[in-house]
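Look at the two complexes coming up: subunit A is in both, with subunit B in one and subunit C in the other.
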Partner chain A sequence: MLNFRFKTYWKLFWKFRKIHLMRTLEYRGDLYFWSLISTIWTLFSLLFFDLLTQTGSIGGWERHEVLLLIGVFSILDAFTWSVFYHNMREYTRAVFSGEFNQYLTKPINTQFLIMTQSNSFNNFPRLIIGGVIMHRSLVALNYQPSFWQVISFLGLLSLAGLFIYLVWFIFATLAFWFEKLDNINDIIPSLRQIWQVPRSVYTGVTSLILTIILPLGLMTSIPTEVLLGKASVNWIIYFVVITFICFIFSQIFFKISIKKYSGAGN
Partner chain B sequence: MKKSWSVIKSSYINALAFRSEIVLWLFLHVIPLVTIFAIWNSIYSNQNEIRGYSLTMILQYYFMTSLIDSFTSTHFESWRVKEIREGKIDFLLIRPLQYIQELFLRDIGGKALYLTLALPFFLVLFVIISTQSGLTFPNASIFQWSIFFGLLTVGYIVQFLAATIVVLSGFWLEYAEGGEHFKFVLLSLFGGWMIPIPMMPAWLQQIVNFLPLKYAFAKPIGIIQNTDKLAISDIVYIAAFVFFLWAIVQILWRKARYQYSSHGG
Partner chain C sequence: MSPQPIIQVKNLRRHFKVYQKQPGLMGSIKSLFKRKYKTVKAVDNISFEIKRGEVVGFIGQNGAGKTTTLKVLSGLLFPTAGEVSVLGFDPWDRKPEFQKQFSLIMGQKNQLWWDLPAMETFLLNKAIYEVPNDQFEQSLNKLVDLLQVRDILNIQVRKLSLGQRMKCELIAALLHNPQVLFLDEPTIGLDVVMQKALRDFIKAYNQEFNATIILTSHYMDDVKELCERAIIIDKGKLIFDGKLHNIIDKYARNKILSLVFSQAVTKQKLEKFGQVKEHKQNGSAYTATLLVPRKKAAAVASDLLKELPVEDLNIEEPPIEAIIREVFQSGNV
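Here is the complex of A and B:
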């Protein structure tokens, strides 16, 4: 039974991707144009940090360590924009317009449907640029991470993606509580700058808020630290635990919030 | 005048319906400031001055960029281009106000509400940040502040004209709204929003000093920080640039009217 369910979801997931790839290829000009825009933003961000690191180290991180972190950020950011943004926008739009019934009445998990229905291929160049920046930074640092460091890095990067998704999902779920707040989906994109810098730049109250209470400051720092072999085990454990807590909270909050929903007879 | 006032007023009232969104935007303004302040605090932790800038000056610089951005930025490109593409501006073309005038007056109305909420917000934010960091109020004369606000007005006009060019290109180009991103990147890079001019590499400084975009951020901040002055040649350059943008808008609008088509109504 479990195997059957998994196969169904697996098939659905790829069906959605196929539909979106077909739709993207139908409007190729759109794909090229927005890929260019996202590439420009990535290069702009790279230039900014390149200029900053010429003035001194940032939070004790040297030039190529910071650039490595920017590479990791570009990959994570490309992934979150490609997958989360469109789905969250569609999710909140459906709640505000009263069309959320369509999700609730389908014979599959609502959250699965919300999170896999849409995606974008515009950020693909950013993934490549991020990879290139990472490679060049590691070469400049003359550092070769071990196999286990790479595996841990990938695991923690996926965990960071999951954490961002959970926080974004919690914010988007507020749509059930607020009647009209169109820019609710712009909250997380506006917070991205928090994890674009090493966590050590945050000190005092900001450190308490951004690395412990809402640890968005850890998203790229922890995976990069693991790759550089300077991660603290305590922080990694905290990162895993807080993601798990956030997961539990998001599920409970979604279940409570959904009870507030009233559709618009469609 | 009466017509213009009523458009501004109606735009202000319409914007009031979205006041909670404006308040949310204002709070989201804080995050980039917190991050940039944290970055510069860490950079200055082992040095007192970088290329003539102390930590206090650099914090002032970035606080001012945020404030200037609130005064001068325009964000109507995306939805206005969409309106044109979907053929939904018929009613604007038959009004006794020119389309561009309507764009301007509506933006002024929205901006008025935004500033009503933003100015007290920035004041409170300034007080909070200054107690937590080395941020202080710039020590400038009334004359310097007058030039600062004069340049802010020019900055708004430049941003409005640039945004109007993006909107008008929507009569021909399918992805015209993307021009908003180009506008922002160009202003950030060549206007001094990203980093103060003295901290840029020599090649970038040459480009920035040649282009007029520095009057948007770098120049006004330089004036109130006593690191720069406004010369007569600057005023001539600004006037020529504004005239250049205005001429492009007029040429585009004359041609754009004949490109537009819609059905039904």
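Here is the complex of A and C:
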């Protein structure tokens, strides 16, 4: 039974991707334009940090270490924009308009539908650019990570994606509590700069807030540190635990919030 | 033995808290700090049961609580109080086994992918509802033929007319052969020809699958043609539940007497027999329409035949929509 359902979910996941690829190809002008914009944005960001690190280091990170982190950031950010932004926007819009009915009546986990139903292909070039930046930085550092470092890096990068998703999902779920929240989906994008720099730049109270209480500052730093072989086990454990806590909280919050759904008009 | 009910609703309540804004700019400023809320009883203590295969019409004015009830039955809204069971499930649990057996179709909402042909949505629903290939092919062919939409399946949804889209919505919602259908204003915005086509289709679906259907509609023709039983809801309360024609017995106070005279008859003469609704002369034809109390209709007709130059006389029940309109307007519920 479980295996059967897994197959259904797996099939659905790819079905949604196919549908969105078909939709994207219907509007090729839009695809070209946004791919160009996101590429330019990544290159400017790279140029900015390249200039910034030419005269020294940032938070104790050497130039190519910072550029490696920028590469990791580009990949995470491209993923965030491609998947989360579109789905969260669709999620909150559906709650406000009453079209959330469609999610609730389907025999598929509602959160799965929310998270996978939509995506954008415009940020695909950024994923490639991020990979190239990472490769070039590692070559410049003359550093070859081990197989397990790469596996751990991928695991922690996925965990970072999950953490960002969960925080965003909690914010977006506020849509059930208010009649209108126009900028609810701008909160996380406006905080992206927090994980665009090494966590060591945060000190004092800022560090307490951004690496402990709401540890967005760890999102790219921890995976990059693992790749560079300079991660602290305590931080990794904390990262895993806080993501798990966030996951539990998001589930409870969603279950409570959904009872407030009124379906926009009756 | 009568079949077991598959929908059971007992003392259902669904209340909403609604913000009441005070008028003007000052009201808006005050609302930043303090707001007044009012509890709206969208559904207020209603109970009913529906058996397998029944087609039931939900009748009520806007805001009466019809759609809210359907949403509770579909598991979209959490009830404030009361018990609800559909196909033996609590809808709010939203179990896949339950969700695979019903469909909610709302005339004003759609599930079709706007930028793609309807066929893509059908294939997506096949995956969502885990419909086996052969069943999908069979159902799709049957529905497509019944609704006559084979030629539009591969055209982008945004390029279809409202009627064509509604037909495709129906197919998307019925591909998994649901046993229970909740239809909320399915014919809204459609022209009369398309309304008729959809009604015929709903009737055929009910007969073929013995499906249980609850229908809300503002078009009385939908209800009259499809439903034997009607439930009338007013301000969240159930005020009538029974055979559609029993509405006449319960609420119609008058019968309609249509008369044709061989020579002119004054309005004053007619008024002593009943309430004159219409009195006119059209060329050489003299006609009138009288409303008379139901119990006296036969006696009044006899008197009219004796006392006036009646050429033709018809005794009719008033149309159901007129009765319902009168019930709501008079508040006589």
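What to note about this one:
Just so we're on the same page, the second predicted complex is superposed on the first by the 263 of 266 C-alpha atoms of A that agree within 3 Å, B and C clash if a C-alpha of one lies under 4 Å from a C-alpha of the other, contacts with A are read in each partner's own complex, and residues count from 1 in each chain.
The rule is simple: contacts are C-beta pairs under 8 Å (C-beta built on N, C-alpha and C of every residue); 3 or more make two chains touch, one makes a residue touch a chain.
In this text the structure is predicted, and so the values were computed from the model without any measurement.
In the superposition on chain A, A:Ala140 makes contact with neither subunit B nor subunit C.
In the superposed model, more residues of subunit A are touched by B than by the other of subunit B and subunit C. By the touch criterion defined above, A:Lys11 lies against subunit C but remains apart from subunit B after alignment on the C-alpha atoms of chain A.
When the two complexes are overlaid on their common chain A, residue A:Asn183 makes contact with subunit B while staying clear of subunit C.
Legend: residue contacts after superposition of the two complexes on their common chain; A:Phe48 is shown touching subunit B, with no touch to subunit C.
Once the two complexes are laid over each other on the shared chain, residue contacts for A:Leu162 go to neither subunit B nor subunit C. Listing the residues of subunit A that touch subunit C in their complex gives 4, 8, 11-12, 15-16, 19, 22-23, 26-27, 98-99, 101-102, 104-108, 110, 179, 258-259, 261-263, 265-266.
Subunit C makes touch with subunit A in their complex at residues 16, 19, 42, 63, 65, 67-68, 71, 74-78, 94, 96-100, 102-104, 106, 109, 111, 113, 115-116, 120, 123-124, 127-130.
Chain contact summary for the complex, subunit B toward subunit A: residues 18, 20-21, 24-25, 28, 31-32, 34-36, 38-39, 41-44, 46-47, 50-51, 132, 174-175, 178, 181-182, 185, 188-189, 194-195, 199-201.
Residue ranges of subunit A in contact with subunit B, taken from their complex: 29-30, 33-34, 37, 40-41, 44, 47-48, 51-52, 54-60, 178, 180-184, 186-187, 190-191, 193-194, 196-197, 200-206.
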